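Below: a set of structures, written as structure tokens.
Both complexes shown next keep chain A, but they swap its partner, so chain B is in the first and chain C is in the second.
And then the complex of A and B:
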């Protein structure tokens, strides 16, 4: 693959990753957020595949397929299923209004660039320039977890954070070993499934999935 | 001297084409909206007929103030200046008249302030309300436009519009880069807000609670109103043409030769017509957002513009 095409593909995939994260913060609708999450998964898989083709590693291609199946199909599917069970909760009522959240996103993206400047300067590889995107994904995911009420949105923020961590690991170290990647992915999958089940239980007990309601201990 | 004369000729041609086309752009947008809604519509030429009618009428003016006469002329003058600066027919620019994007944004702001002053000067409740809303939106739009402009100008290494266009013509791959696309989308939202189209302002209503542009021009009549309307239409046509040219730069005249200018005029008219039809048809499916949610929309567009700047450092 020519160097310019490689740089362009990496840049495009990173742009889509960042854009989908910001759009998740922008939109109130949960269905749109799940679709954007799937899009983010596809972008991450494309990024891994491009890196694999560039480095000529077969194992990384396997990781790309794994990422595609898990992050673009299985995880959004699990979140969507949890949402269908908890019917009626289509809209998020965030603690932070979208205007402030978007400006916070912008600030976080700027912060990510400042923080990861030493990493970018390690080498000339175009992949290293994308490291700030991974860091901002982690930060924006954290912002989503902190500023949203619904369990589903927090789940989405959690998966976004995981995407960010995977991006940074991939770009700086050329990917983690397949065994570790498998272990981490299974962990994330389990967490999402458990939370999805928990959400349904919460809904049947409290009639809502607003996590702020879970502050008090109750005896029954 | 020859170069200077040909540049003057090119800019004059562009001005004439824009003045002739701007009312037609608005007419076509209204007409296509009517088609999509299943109405007959007033025809593409209706804005021109309105202009002629307004120019023949005697304006009703308040005593003791000149602003009602001056502000529309200032608005029209700034719009004409924007039309002269922005590369629409071609990328030939006058030496000494900077086609710099930052200058264009400032000139637009002068027109915005003139319109707001016109609204305030009438002394009516609606005029003041419209002006206050107009300035609120302008204050929110300005940072977006500047950051988006910065993002667009990074690949070209210059904020002069003609150089940006030449760079895009020379390297089409920069148009499809994520940074450039995000910047153009952000600029598009900002243009819709700046020119008072849906979803920020509804140009087809005089509902007192929602109108922004119409509230400011309520007290103008006759030729004053004609100048305001023509100025606003020119502004819309120039900005829409600019976004169209940023997305599809091909066809612009890079020299001032008659053949190149003719091609430039024809492609510009085609781009404007297409944008007008899309604009009118898309507005059928859009609802005006509440005024208090406009900052949300513009913050989103600002975030897009800012991310465009950051991602443009990824691919260099």
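And then the complex of A and C:
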């Protein structure tokens, strides 16, 4: 693969990653958010695959397939299953309105570029130049978790954070060891399942999945 | 392998076995087995301590999985002395506990904690590096907290006492941790010897050295119960089971004194003058305040708790004076003062253990701690009364006990030290003398009250009427404590010489009749001759009097009218409160009593009184003035901090986001 093609492919994949994250913040519909999450998974898998082809590593290609299965199919699928009980549920009143959230995303992405400057300067690899995207993904994921009311949105934000961490690891270290990657992914899957169960329980108890209902749990 | 090597291993092995047995044994056998193992372990510690005192070297090194230097237990001669003290106290307390522990204090947890508590108290002086010192120190704090909690289900005040104790003891631990951390950072090593060397070379650097010294002093003073860090003592001692109180007061408070002596002779020889003056000031305040509170206390164990503060104060005075005198070039009196400090520690351990065990025996028999409801126990509990009275003699510093000898040595140091040239010494010595004298006088009053009101006259409550003498192990432990107290008092010379050896004090000599000669200040004391003389004189006066009385015909006097004095009832006796009334009056400003007198008159005539109720409450003034405001401030701050936590998950998530951003921003700069 020629170097320019490689650079362009990496840049495109990273761009899709960031774009999907920003769109998740912008859209209120939860079902759209899940679709965007799947798209993000695909973009991540493509990124891994491009890197694998460039480096000519078979094991990394295997990781790409695993990422595709897990992040583009299994995780969004699990989230969607948890949501089926309330089709068409929307994030009615997020704590941060979409415009403000988009502005915050810009700020966070800027911060990500500033703080990951030392990482970018490690080498000349085009892959390193998109490390800030991974960091932005983590920050935006955390922003989503903190600013949304529905339990489902937290789930989506959590998966986005994990995607971001995976991206950074992949870009800087050429991928975390397979075992670690698998372990982390399984953990994330477990968390998603637990949150899915919790959401169902919340709905059956409160008739809603607004996290502010949980405020009562505080010890007085 | 030396005796100390072997002793340390045996001690730890026996203690470990004791803990296992305490947890595993059947309830009916638990006390006997765990208690016996605890006593054996304590005895092993006692022997080890004595061997180390005699100069035998030995060490036990425990490797850890942590990236630290291995833990080292290697008692030097001074450590051996305090190890022996703790061993002796532990031996008696374990023996006593076999008969005494019942109910919650005989549970598996309590026994296991007790068996673990004894070695931790004994190994503090054996620790040769900072990590093991702090580790054992903390073990001592935790196990004693568990023991203190034993009866929390039945008495709510136990919880409050434990809270005070846990907070004070851990604040003290933090101070120690910080102080040692500074020294370790300065020296780069963790053993006490390395610290001492570093202090020697960094002496001129000032700031940090003084800071570490102050922190260590606070930590040790809190454990020794010096004013104003004494507030846990009068709470924890009454609420703990009596055999535990005995160890806490007799041995654990001693570890605080050990720490202070450790600073003065090993860690930072020639400490600065401010330290010595602070120690003397703390000591004077503690001695006077402690004995004053003890003299007006009606709860016998609270009284003994405050008396611990008093005795720690005396030891602090002695140590502070020793440092002052040495800095002034008066090495002779300085050595005498240092020896007085250590002898006070030994005698305090002996008499306070005896007294607490005696008090425990009284509580065991009557269920009462309030002196105002006791009395008349002498015929019912003769052995307990004997032991308690001898302990009282010791606490009042009267012959023929070790208490007398050690206080005599202290007074010798003060009187003869005052001849020095130094200006500071010339001012401090008379003050110290006055404080010690007043303390001694009040201690005498206090002990007369404790012994007299509890054991003499007639019983003041029904609980006393059914009291029975304690079972054999308890009586043995009490009498052994009293015996040691008297033995050390009679053999004053050998005791002083042995103690002097641990700090290389010169000029402390024993005479052929086990008497004591202080060459440095040219003073001598002959307890054996003194006792013999007193006995002969008593026999000369009492013998003829008894003989004459026997010859005389028996007469019986009956009064025609006794002014109401014939119909005596126990209610007419002096109580602990009424006995201390003059003191409360004289020291009213320092004690701030709240009194409540309610007079009920009959309906028929205003001048005919039907009932008078008197209620007096004595609070700890230091606690009111110092700790209550502090608590209020803490509570207000805590309320403010509550605002941070409103229970909203989003708020917490936002905190994490903000924290992450802050960290990233900080890193990227």
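Brief remarks on what is shown
Quick note on the criterion: the second predicted complex is superposed on the first by the 211 of 220 C-alpha atoms of A that agree within 3 Å, B and C clash if a C-alpha of one lies under 4 Å from a C-alpha of the other, contacts with A are read in each partner's own complex, and residues count from 1 in each chain.
To be clear about the criterion, a contact is a pair of C-beta atoms (placed from the backbone, for glycine too) under 8 Å apart; a residue touches a chain by one contact, two chains touch by 3 or more.
Because the structure is predicted, anything quoted here is derived from the model rather than measured.
Aligning the two structures on chain A places chain B and chain C next to each other without any clash. Once chain A of one complex is fitted onto chain A of the other, the partner contacts of A:173 are absent, as it touches neither chain B nor chain C. Put simply, more of the residues of chain A are touched by B, taking chain B and chain C as the two choices. In the superposition on chain A, contact of A:205 is made with neither chain B nor chain C. Across the overlaid complexes, the C-alpha centre of chain A sees chain B and chain C at an angle of 130°, to the nearest 10. Contacts of A:99 after superposition on the shared chain: chain B is touched, whereas chain C is not.
Between chain B and chain C, the shortest distance over C-alpha atoms in the superposed arrangement works out to 18 Å. On the chain B side of its complex with chain A, the touching residues are 173, 177-179, 182, 295-296, 299-300, 302-304, 306-307, 310-311, 313-316. Residues 95, 108, 111, 114-115, 117, 139, 142-143, 145-147, 149, 211-212, 214-218 of chain A touch chain C in their complex.
If you check the complex, the residues on chain C that touch chain A are 645-650, 653-654, 656-657, 660-661, 664-665, 667-668. For chain A in complex with chain B, the residues that touch the partner chain are 7-8, 10-12, 14-16, 18-19, 22, 26, 97-99, 102-103, 105-106, 109-110, 113, 126, 129-130, 132-133.
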